[in-house]
Every structure is written in C-alpha cells, then in structure tokens.
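Each of the next two complexes has chain A plus one other chain: chain B in the first, chain C in the second.
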Partner chain A sequence: MTALRLLVAIVLLVVGRASGQEPVPGTFRAFDLFVDSGNQPLAAYQLSFAAADAKIVGIEGGEHSAFADPPYYDPKAMQENRVVVAAFNTASPGQLPRGRTRIATIHIQTSASVVKQYELKVEAAAMPAGESITVKAEAVERNPN
Partner chain B sequence: MNGEDDTLPPEIAARLRHDAERTAVLVPPVVDEAVLSRARERFTEIRRRHSRARKVWWMSAAAGLVALSFLASSLINAPRFDRADVDQSGRVDILDAFALARRIQQGTAGGFDLNRDGVVDKLDVDLIAAQAVRLRKESA
Partner chain C sequence: MKQIGLLVSILLLAGAAAFVVGCRAPQATTPLPGYGKGSVPSYAGSLPALSRSAQVPALPGSRPSLGEEIWVVARTRSISEPHDTPVPGQGSLVIEEEKGKHVPLPLKHTDVKATIQGYIATVSVVQQYHNPFEHKIEAIYVFPLPENAAVNEFIMTVGQRRIRGIIRDRAEAEQIYKEAKQQGHVASLLTEERPNIFTQSVANIEPGRAIDINIRYFHTLAFDDGWHEFVFPMVVGPRFNPPGTTNGVAARALARQPMQRTRPGNAEAGRAGPNGPHDAPGTSDQKIQLSRYLRPEQRSGHDVSVQVDLQAGVAVEEIACPSHRVDIREHSPAHATVALRPEDHIPNKDFVLRYRVAGDRVKGGLVTARDERGGFFSLMVYPPAELRRAQRQPVEIVFVLDCSGSMYGKPIEQAKSAIRRGLDSLQPGDSFQLINFSMSAGQLGRQPLEATPLNIERAQRFLANLNAEGGTMMIEGIKAALDFAHDPGRLRFVCFLTDGYIGNESEILAAIETRLGQSRIFSFGVGSSPNRYLMDGMARIGRGAVAYLGVKDDGAAVMSAFFDRICYPALTDVAIDWNGLSASEVFPARPPDLFVGRAIMLAGRFNADLPRQLTITGKVAGRVVNVPVQIERSEMPARSIASVWARTKIAALTDKMLNGEESLGAAIRQLALDFNLTSPSTAFVAVDSTSRTSGGDKTVRQAVPVPEGVNFDRAISNSE
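Now for the complex of A and B:
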C-alpha cells in the first residue's frame, strides 16, 4: 500500500512538471485601475497593464455602473504578466463617469511580498461622440490584509 | 597580229575552259580567318541574345510570383484589418468597436458585417474589441 502511494505521488509530480504550470508560490494581490478624464465624460478606454514577477489570475469591472462589467481582455492574458483591458459605453454623457473613477481591477499572483515593478499605459480613450481624449491612468495596489 | 588570227582554236579554248572549271578555288588564309571570325562573332551574339532573353524571362517570372504572393497575402489579411479599422485611424483599438456600436445604435452600420453572418450586431463589435485587446508578442 505504501508503495502504491509512493507511485501515485511520483506520477503526480511528473505530470505536474510536464504540464509546465509551476505554481507561483506567494500571495494574491489586486490592482485597482483608475482613469481620470477630468471634466469630460469617459465613454471608452483601452489600457495595457504589465507587472514583473506576477501572473494575472482575474479581471473584474469598475465602480461606475457604465463600466461595472468586466472589460474586454485576451483570455490568453491569464497566467501571463501583461494584459490589455478595454471597454466602452454608448450611454448618454450624463450616464458616464467624469473625473477619477475605478474602471477595472486586476488580480495577480506573485511570489514577491511587494510588487515593485508594474507598468500602466493609456492606449486610447474617447468621449461619447467618439472624439479621442487625453486621460490620466493610475494603478493602485489594494492594501493587502 | 601580223595578219594572223588572234582567236584561240576552239579545241584549246575548250580545254582551257575545262581545266579552269576543274581547278579548286584557292581562298587566302587571311580571308578564310576573317570569315571564320565573323561567323564566330555572329553565333556568340545569337547565343548571348538567347541567354539574355532567358534571364529576362526568369526575372519576369520571379517578379510575377512575388507580386502574386503579395496580392494573395493582402487579399487574405487586408480586408479584415481594414474593415475592423472602423474609424480609419490606421490601427484597430477599442475606439473602432465603440464607433461600430454607435453606428449600430444610429442604424448606419451597413458594410461592417465582419463575421459574415448576415447582420451587423454586437458580435461584430465584440470581434473588433477582441482584436483590439489581443496580446501580441513582445518586441523585446
């Protein structure tokens, strides 16, 4: 019986290594992505986010009802350290967020106690009529508890 | 000449004519060499012309093949990318999906049936959005 258990353990170890998905030991962390469109209503955005020594494990929507659904992203970004997130809303300007608003949250798994290196870029943003606008973007790590 | 007949007797004239016809024509070596040289030049020129024509033909065929492959490549790739670039900014991003969604809302989205299912709807918008957020290989 002991030999059988040992054999199963060896097989699981071999299969686990062969699958190439070595788990990153460490913690799960979350980054809130904020966009500040100033006085203009935000109708669409596209951001790229990358974090060193981390794997993206989940993406959720933002705080404003216009961007509450999870944004568009490439499913291949899961288990990668970078992702492009994008969303839009065709609602009227009065129903869209202005100023600083959380548009998405990205959950990562990392071995580092503190994620020191990450990059956030604005790739596109627009107002309700489709005109491109310049916005500020910020990624803020949630306080790990 | 001194009252004598200066014409040859017919037998001698016939004999001389006969001998002249039988004698081989002697071509001087200089002339022979010149003719040979001209002939060589001429054949070399003909060969060169054929070779040049063959080269031109192969080069034309290769150029045609390259042009054909470019055309095929652009026919395969270009339409989808061009059509997804709704706002014609030169790149496909979320603003194209947004632009198409607005057009659908306004009822002016004709011509953007990207998935070719007969209707222009949210599926076409999603197709553009998916293309916009697709991860590309890092250049580094």
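Now for the complex of A and C:
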C-alpha cells in the first residue's frame, strides 16, 4: 500500500487558456491523458481525473495499440463527476508503449468558459510482470473546435 | 486496497479474455443489395425480386425540411388483401430523398456474438449505421433485447476511434445528447423503454460516414425440461395501446395534423385512408415511438449475423435451433460454435438456441464472483426428484386465448391446437373454462365446466369458431380469468395464450398481482417474436411458469409438456436454507414454486463462503419437505455476475412498484448507476467532443419488418 502511495503523482495544473470568445453554456471539450513511463514498458495503469464544473460524457482509448480500447471506469466515482479509469495489457514488453503516450481521452461537458482547474492522479502503474513503476502523468486540453 | 479496486477488477477480466474473443464486430459488412457489391440475397419462399421503383415507398405530403423527421411509409394496400404468408421481400427499402433519387436506410447490419458459459450468456451487439444521404442525419432505431439483459457496456465507434459511453440519470443523459446534437457533435444515446425494448439514437452522422454502436449485456438462460435456452430477439412486434394509455408503444408517426379518433384513446386505430389503414398520416399520443413497419414484400436492407460460442462445461448431448437455419461446429464434447446461416439473415423473429447436456448433470448450479464490493452469486435450483413420486390433485384449468388481430393466421391456429390438446388431456374430476378476448372477453360457460366428454366436445366446437381480429384488451381477459370464486377442491391453473403485443404491460402485471389469489398463471408466448417481458412477468407474478410456441413449434406438443408438468404437485413455499452461511439480498425474495422440469433462478450476495450443499424446504401437497441439494460451483468474471445480480434486483424492485411503492424508483436508479446498467431511469450517452459538424440534420427512423407469421394488415391496423 505504501509502495502504491509512492507511485501516486498528483498533477494540478491551472490552465489559463485564453479564448477570444465566450463559450455557450454546456460546451463539449476533450482532455488527453498522457502517461510517461520512461524506459519502462507500460502494462497497466489506473488514473483518476476530475475537472471543476464538468460532466464526463465519453472516454476514448489511447494512441498506442496496447491501450486503444477505451478503458473501463468506476461507476461510483463517475457519480461524483470524477473518472477513475484503468486498463491492462498482457502483451510482451516489446509490444507495450514506453515513454510518453496518450492512454485515454476524456470528453467532458462544462458550463465554464474556461476549465480553470482539474486534477489528474496516478493511482497505480505496472510493468508486464506486475512490478509497480513510477510514472508521470499529464492532462492536456485539446484545442476547442 | 480500495484505490486499486478498479484495477483489480480489470485484471480479473483477464480470465474473461477468451470470453471476449470474437466479441468485436468484423468490420466487413454485408453490402446492401442493390447499393453495393454483391448479389441480391435469396430467401426461401421469397417473392420475386421487386424492381427498384416498386420498392420506393411514397412519402405523404411534401418532402420534410431540415429538422423534420423522415418516416418511411409503407406502400398502402387494401386491408381486404391480407398476407397469409408474410415473407420478407428482397432488396432494400429506400427513401425518396429527392424526386427520383433513392437512398437506403441508415442501419445496415447488426452483428451478434454471444458466449455461453454454463447458463450465463455474455452478448456483444454491434449496430452498424451509415449515412447514405447528402446531408447530416440523426438515426433512431427501436429494438428488442432479452427481458433480463443486464446492459452494462456501450461504445460508439467513429472511424478508428472508440468512445465509451457513460451511464447517467436518464433525463441528464437525454439533455447531454440534445445539447451535443444541437452543437453539431457526433453523439449517441441508449435508453430503456421496457426491460426488453430499447431506443438507440445517433446524432450528426455526416454524409458517407459510418458509426458503430457496440452494446454488451449479460443474462441467465432459461432451463426447461432439460434444455437450456438462449434467445436473441430481433424485432419488436406491433403493440396495441388500450384507451387511456399514454405510456404505451406506438408504431405510427408523430402527428403532422390533429389526431382523429375512431375509438376513445386509440388514435387512428381502425381508421383507413383511401388506400387502407396506412394511408392516413400517423399520429400517436404514446411515449414510445416505434418505427413504421415494412410491408411483407419490403426490406430495409438491414440484416443480422449471429454467432454463439457454447462452452457448456460438460458434454453437450444435443443442440437445436428451432427458429433459424444454422451451422454447428463441435470443437469438443463440451464446446461448440453455432452460426446463423447467411440465407437466414432477416431480423424478423427471435433467434432461439437450445442445448441439452448429457445425463441429468447440469454444471453451474452455483456461479460465483467476487470483487471489491464483495461476493455475488447466481444459483439455479432444479426441482427435487421427490416431486415425481406424488400424484396431483384435481385441477381447474382456465384457458385464455388472445383473439386480437395480431394473432391472425398461424399464431391463433397454433394456440388453438395447443388448447385442443389441453382439453383432451383433462381427467375426470378436473374442471375447465375457456375464455377469449380481443376488444372484450367472452367465455364458454358462466362457471367452469366439469371435464366430461360432452363438455369437452362442446368446448372444442366453441374453440373452432374463434377468430382473430380487433384490439388486445388483455385486462378483460385477466378479469374474466381471475375474478371468480376459487374452488377449494381444485388447484386453479390459468393458461394465457397470447403474443403479448400490448403497450400497457404494467397495468396487466399489476392486475395479476392484485387478483391472483390462489391461482397460478402459465403464460404461453405465441409466435416468432412474442413480448417476452410480459410473458415472463405474467408467469413470475402469477407464480407459474412460461412456455413459448414458436412458429415452427408444435402447439400440441408444448401443451402436452405443460400437462406432464402439472401431473405432479409443485413444491410450494420454497425457501433456501444456506446452512448458516452468509447469503444476503437474494432475489427474488420469495422464490417461485418449483414445478417438475422447471428450474428457478436466484441471485444474491455473500461475504464469506458458500456451501457445496444447500437445503431446499417447501411443501408438497401440504406436507413439509426438506431436500438437500448438492451444487456444483464455478467462477465467473465479477462484471457478469454482479450485473446479473443487480439486474435481478431491479426486476424485483420493479415488481414491487406494481403495488404502488413508487419510492422504489430512486433505489432502482441508484442501483443502475452503481452497477453501470440501463434501467427506466438511467441511460448511456457518448459524445465525441473533438469535432463539430455543421448544418441542420434530419431524423431518420429505422423501419422494421413485422415479426414472421404476423399478418401485416390485421396486426398493424390494430396497433396504434
């Protein structure tokens, strides 16, 4: 448990993306979630993500084929508009992503003109044999369309 | 540990990997006849190929403008020309987009892949939509699923991108979908209208684009006389909504002009335009809007493929598919795959697959699973052998025959054949009644008659003169069957023979709950796509059992099997002694009676361990019996068993709501949210926020065929 806690990295970012136009209430946006496992192959992860004043309206899979399927989410957390996603892949290390990779995209609806605050938390990450690894995580809002 | 609970759950799914293999839809789709490569499909007994012009339905009035709905309107035909052998035609139905320019409907194909482990099925359904128009569309499709399906997963695929839908409060999901649609985002919404009827909406499909919707659900299989039965329903039959009903299921278009009524509350029923009942613009005041039904010679271009991976756990003795032509491949004595043959790909009847395992051993009596929420189990209880050692009491059998228009033709003939056999199976000392209903109810005698040869002959004549026409006022049949004094010297069995094509299921189930008394209801679902939610509900609340007479089944044989069953007393007041262990929240809370040949299914939770032996207690002919039952135990992924448990609890709470316990609606909603399930008050929504489409769109509702064996003119004119 302690080891797991050590794995936890909290990224709290303030996005000051300035937009020339005020979005209409209830606009839809996307956050890409990235995990950087350095030189280690990433076989499993569990992340939680929440944004202020936002409803989650879809969860998309990642860019690497190992995590292309949209991850499962925890329905209890979803009721608090917090998404806890997790996925694993049992492929050999050579078929798993290393370095920085987009593992999921979270689609949200928000009434805020700017998403000022969100939280991304790594709850667990592991290599193929199940060894825990420390990873960096980052959430990046896509340019609104 | 809770922090990694979800990950642990995901990892547990590794055990289900084989389970899931094959659940992804092949990307290749069946070309639309006449619109892609490939040949026009053949169909046994089909009508000659129609010319393209003959397949073009006329749209009433002017073309709809952007934002209006497009309804596929069947070609009109006089009701005086009924189709006794409704066989889907060839080719694809098209909409006249512009004068002389025709395009097919948006739903191209449904791909079904099921895995059966013991008596638990995991089913993946992929609906493949496309947009053949030159403008954006919203596609809407009303479709059936099994009445006990725990719909737990929803994924929208746009190109190569797969977006998982989120379970939400229904009103919230509908609002999200509406706003996404207005803002031009591709979005999809799955709502549950009945436990067995769902609506799929897909917004902002751009011209030439394709979008797949993947739904996954779990359910338990029925067990009857040694056979497990897997059913995949393919079409919602036309429903009749009695006067005053507003929460029904309508098959007509939304109003384009003020409604005209010929009967109070039953909009347009029986009303005919110059060319028949469908010439008039459709109207409906019902909540659920089914699509138009295709005429027998028309096709929508939508076809279906089904593949079932059967992992019985023990040697399979026999596999049968009475509904469709299939290919069966046996990989080992306990493992087989069954695939629908390409020539039987029209989605107009339930796919029914039965299997029987060797000997009298059935693996999987108890299936368990655990996750961070605790343990869940599903238990199938088989009737004890002791039941066959006792003789039955005299019975009072009430046959209730649905004589509404949708039963016209083969369905009513099958039902009558079954009743004839039933009458012939009565014994001296029994009594019987014969009731028919459509818009009202009639009956053979004022009181039940003694089962004498003379009375039985009289009943056979009465039966022979019954015809199918008119609406389905089932409540009249319920009243006639249950509202008379109970004979204390006889067990009363009420046999309902109907397709169940009504939109007021709750009213009927509530009436049974209120009026049942000492009676037991045995429902017989007639036809190729009966309303299984209603039929199962009538039997469950009526504390009896359900049986089905498919179009290819022998009605007399089905009734014989019923009489074999009631030749022995049932085990009543059933209770399970868990031997001091920790089972909790077991549903149904009051187990149904156990009849010979008929298993019952229970679902519950546990915290510690469950025993290998249980004790069933109950009464046989008034005598208390205790029957130890050895159970075989197997493990399944938590997602499936937990979903089955939650779905069973939702059904139990829904039944309680029939007694007016409206407050249970909140509990159902919360349970569905916690277990990621659709319900009357929850829905899946998925939005692609990364791109926006421009311009207005049109709503296109997917037209569907009438179920095989249902007479189009008789059935549709009597539905709303």
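Here, the second predicted complex is superposed on the first by the 114 of 145 C-alpha atoms of A that agree within 3 Å, B and C clash if a C-alpha of one lies under 4 Å from a C-alpha of the other, contacts with A are read in each partner's own complex, and residues count from 1 in each chain.
By definition in this document, a residue touches a chain if its C-beta (ideal position, glycine included) is under 8 Å from a C-beta of that chain, and two chains touch if they have at least 3 such contacts.
Remember, it's a predicted structure, so these values are computed and weren't measured experimentally.
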Partner chain in contact with A:I59 - chain B first, chain C second, else both or neither: second
Contacts of A:Y72 with chain B and chain C, given as first, second, both or neither: both
Partner chain in contact with A:A44 - chain B first, chain C second, else both or neither: both
Touched partner set for A:E80, first chain B, second chain C, both or neither: first
Partner chain in contact with A:V122 - chain B first, chain C second, else both or neither: neither
Chain B versus chain C as contact partner of A:I133, first or second or both or neither: neither
Residues of chain A touched, compared between chain B and chain C (which is higher): C
Touched partner set for A:F88, first chain B, second chain C, both or neither: both
Touched partner set for A:A112, first chain B, second chain C, both or neither: neither
Common ground on chain A, meaning residues reached by chain C in one complex and by chain B in the other: 44-46, 71-74, 76, 84-88, 90, 123-124
Sites on chain B touched by chain A in the complex: 87, 93-95, 97-99, 101-102, 105, 126, 129-130, 132-135, 138
Partner chain A, residues of chain C touching it in the complex: 1, 3-7, 9-11, 14, 17, 155-156, 161-168, 172, 176, 179-180, 183, 185, 673-676, 685-692
Partner chain B, residues of chain A touching it in the complex: 43-46, 71-74, 76-77, 80, 82-88, 90, 123-124, 126, 130, 132
Residues of chain A defined as touching chain C within the complex: 1, 4, 24, 26-30, 44-46, 55-61, 68-76, 78-79, 84-88, 90, 105, 107-109, 123-124, 142, 145
